[in-house]
Amino acid sequence: MRSFILCLALLCLVACGSRPEASGQAICVAGSTSVQPFAEKLAEVYMELHPEIRIDVQGGGSSAGIYAAREGAAHLGASSRELVPAEKELVEIPIAWDGIAVIVHRDNPLRGLSLRQIRELYQGRLRNWRELGWVDRAVHLITREEGSGTRNAFEELVMGRAEITPTALVQDSNGAVREIVAHDRHALGYISVGLVDARVKALEVDGVLPTRENIRSQRYKLVRRFLLVSKLPPTGPCKEFVDFILSARGQSLLEAEGLVGYEE
Amino acid sequence: MRLDPRVSQAVVLSLLWALTGFTLLILIVIIVNISVEGLPRVSLSFLTQPPHDMGRSGGIFSTLVATAFITALAIAVATPLGVGTAVYLTEYTRESWLTRLIRFGAECLAGVPSIILGLFGFVLFVLKLGFGWSVLSGGLTLAIMVLPIIIRTSEEAIKAVPEEYRVVCCSLGLSRWQTIARIVLPSALPGITTGVMLSVGRSLGETAVLLFTAGAALRTPVSLFDSGRTMAVHFYILAREGISLPNAYATAAVLMFSILGLNLAAYTLMQRLMRRFS
Amino acid sequence: MNQSPPDKIRVEELSFWYGGLKALDRVSLSIRAHEIFGLMGPAKSGKSTLLKVLNRLCDLIPEARIEGRAWLDDLEILAPETDVVALRRRVGLVLSKPTPLPRSIYENLVLAPRLAGRPKEELPAVAEEALRAAGLWGEVKDRLHDSALRLSGGQQQRLCLARTLAMQPEVILLDEPTSGLDPISTAKIEETLFQLKSRYTIILVSNNTKQIARATDRTAFLLMGRLIEVGETSQVFTVPRDQRTDDYISGRFG
Amino acid sequence: MSPKGIERLLLALALSSVGSLALITFFIFWEGLPLILTTGPGDFLFSTHWAPTKDRFGIGAMIVSSVVVTLGALVLGVPLGLACAIVLAEFAPLRLKQLLKPTLELLAGIPSVVYGFLGVLWLVPLIREHLGGPGLSLLAAALILGIMILPTIISISIDSLGAVPDLYRDGSLALGATRWQTVTRVVLPAARSGIITAIILGMGRAVGETMAVIMVAGNALSLPASLLDPVRTLTSNIALELGYASGRHREALFATGVVLFVIIMILNLTAAAVTRRR
């Protein structure tokens, strides 16, 4: 047993020696899974430009990311929600706008819903497509799991105090929701606008489509900001990475992925 | 009307054969489907290119590295523990409450679902010991998962070593440990290897444990504290988020054939071992 | 010879139980240096058990119980403080079934000497000498590194004998060494034993009375764990003192 | 190292499995039990209101779903598995048995994510189009799990049928019974405890399976009213939400783990008891 523990300790030592934090050339980004794919894309391109820098992108959720940034476990926290007052001492860097799109199958003739209709659907009061002027079939409602940033934002922007009906299907990623809506003609779900693709149809909300302009102007109602947060204003390689994100190059990368750039 | 027993036997038998055939059919359909859809996309470049664009394009290189890294760690930790346990149970002790406790522990451990192991690894390795989502956390948790497999196969293999070898060694003046190290373990090596191969197969296919202990970072892990996405986790994400069906199939093909190959090799090895000592 | 050679092994009032089963019942006998001592008796008469006590292989048997004493020269065999490994190196054993270890012929031979600390460069000579003594050298000298499992049954058994010799023991215990062998192999082994007599003390267990008569100097007859008779082989076979011995050697039972 | 030292070292290694099991039990309970106690066991187990971010922790619906899904899996898996086992152990020619047994055991090697993937790809659309509902449903989960537990049931049942002495069969056949009558009246009763063990272990596998279930079950929170309703099992509840959970929410997921762990341990202990009685 002793030799085993010794072995373990040795392993740890070896590994610690190569811990990214120690090298100073690695940046750790952790947080919202909504931001994660975009952060990964940015990291991928940035690391090609600067091979000496390593960027680690981790999920964990917005709260975990903010916590990690505050505790110094991550250089940058990624959040898809606004900071609460207690978190305001952190430095916040908005990097992009994201809309939450309400999506349906491409064959669905519906063009749009009102905010109120969406709320009633997710409360389980509206249950049939006929009530919305389509076929006599149940609406297959899809939501995200408790704790998800997108769900949080959706609940704040749409539901208010009302609870999402327990009969809704629950999926644990934007991709999974989109996948189901793409295959089920009678499904209705919500995902980050950045992840809407040709396989699903985004609906107008209160008559406004989630286009880039509408999101930036906040005429589209279901909009949130993607933030990076850090304990102190970023310096060194970390600042260079943030500058890259906010540069025209970085912003256009985000736009190419479907987000709306924060800097015009 | 009472049926002639022969007639009813014929009826029942054809039903049973049909059910067996159906079961086989499920297996065949799964394997054929994955092969047909997946194998054509598997190429050297698929295996050696890192994934691009979340895995929408590119290969699976970084997930292969993560898989190898995590699995190797799990095996490196579990093998000495498992073989040591087997040696203790077979060579050093007689049946007692202690051996019963140890066997019971191994049996129960084998029944613990992977999600529970994932929770455990998450709280102990990721949080309490501060390893984070890492190759280290994933490897250690997997080691616990495969430990019962290695114990069981090693014990069987060691028991299959003829008793005369031990008597001979003893009469040649070898100590018990010399007998084990020089004769018993080498003779049981094929059986132990079988256990290791089965464990590797099990580790390759595991998802739930690794999602919560090793994380899902797509970058190639270079240290024990890096997060790593194994092939199975990568496949899960590709399939579930509809990122790329062709790449999902190709990954599934690589995954499935590695596991089936390992299991088949383990099986033949075990058969050969059994023949040698009978 | 008017002065009898010194006793190599002495056994006094030895009893042995497997759990509740009594295998040896107050056996006392002595074995002289450089003789071939025969132990005969029907199945389960305690012959093999006696051998196992003499090199403490009986330690491997769970639930064994021993009473009485035994000496090898001045060494008390059954004393708890006795170094068993050293004892076993002095008292070699050949089992009834040929049991080569799953290694090469050479490895089988040098395993024990190597672990006993013989210098590496001496090992080939040790192996050759042992094979020559066991009469196997000519047959295997060109394939020392082949697996021992590929030898014929008779060759395997002579290899086992050679393996024991390579350990350079003082006493060799043979537990029905020819029971599974053909007459030619048997003859070869018996011939080897004669040649080894000058250097070793040999105890031969057999239920083949003819072999005992042919090959041994003195003989003991065991029946159901009791020593019935012990004496010069010629005497035991020609004028047995006990009726049961007579019955056994003339084939009336056993 | 001294012989005693070696023995102590081996004993320490041998205690690793029991030690891991103890650690797992400790951490799962340590993290999960406080929440069960503060929520009140009755409320936690029987309430169906799960809104962890609003401090409502009731897993009643998930317990029911887990049980129903598992029973559904048994309805498919037991007849199919037993049919295969009986055919292979009693009626198939030896060569066919030697070929088919390992082949069917390969089913166990296919990773659960692959089952889930194919379930989403084939089974879910089939159910959605022909039976209605969203397709992701109790039925889909039960069917997939039914297939996944086949290897467990088949392999243990074959072993226990094989352990029935031929004497029993010969006796029955000599009395003029057909082979099928022999199987139902003599062989199956004699192998009963082994088959029960197989079924219990299959149940354990079904209750504990996570990844495949999360992919096909739909994960809705309500109590299922029909086979076509989406359900959330205990395992998928943990896997679905652990990613972002913190504070009481995370404790609640560990508490779900406690319940799952207890269920699995009861099943394992029952299986062990049944085996021992034989």
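Just so it is clear, A, B, C and D label the chains in written order, and each chain counts residues from 1 on its own.
We adopt the following convention: a residue touches a chain if its C-beta (ideal position, glycine included) is under 8 Å from a C-beta of that chain, and two chains touch if they have at least 3 such contacts.
Here the structure is a predicted model, which is why all the values come from computation and not from measurement.
Shared contact partners of chain C and chain D, listed by label, are B.
By the touching criterion, once chain A is set aside and every other chain stays in place, the chains still form one piece. Seen from the Cα centre of chain D, the chain whose own Cα centre is farthest off is C. Among the chains present, the centre nearest to the common Cα mean is that of B. With B-D and A-B as the two chain pairs, more C-beta contacts join B-D. Distance between chain B and chain D, defined via averaged C-alpha coordinates, is recorded as 18 Å. One simple way to say how far apart two chains are is to compare their mean CA positions; for chain A and chain C this gives 81 Å. In terms of their C-alpha centroids, the spacing between chain A and chain B amounts to 35 Å. Centre-to-centre separation of chain B and chain C, using mean CA positions: 48 Å. Multi-chain contact residues of chain B (touching two or more other chains): 80-81, 175, 240. Annotation for chain A: residues 4, 59 touch two or more other chains. Residue numbers of chain C whose C-beta contacts span two or more other chains: none are found. Across the assembly, chains come into contact as A-B, A-D, B-C, B-D. Residues of chain B that touch chain C in their complex: 94, 162, 164-175, 178, 182-183, 186-187. Residues of chain D that touch chain B in their complex: 1, 3, 6-7, 9-11, 13-21, 23-24, 27-28, 31, 79-81, 83-84, 86-88, 91, 100, 102-107, 109-118, 120, 147, 150, 154, 177-181, 201, 204, 207-211, 215, 235, 238-239, 242, 253-254, 257, 260-261, 264-265, 267-268, 271-272. Of all residues in chain A, only 4, 11-12, 14-16, 18-20, 37, 40-41, 44, 54, 56-59, 173-176, 178-179, 182, 199 touch chain B in the complex they form. Note for the complex: chain D touches chain A at residues 9, 12-13, 48-54, 61, 124-125, 128, 133-136, 214, 218-222, 229-230, 232, 239-241, 243-246, 249. Of all the residues in chain A, the ones that touch chain D in their complex are 1-4, 33, 59-64, 67, 138, 140, 145-149, 163, 165-172, 180, 183-184, 186-187.
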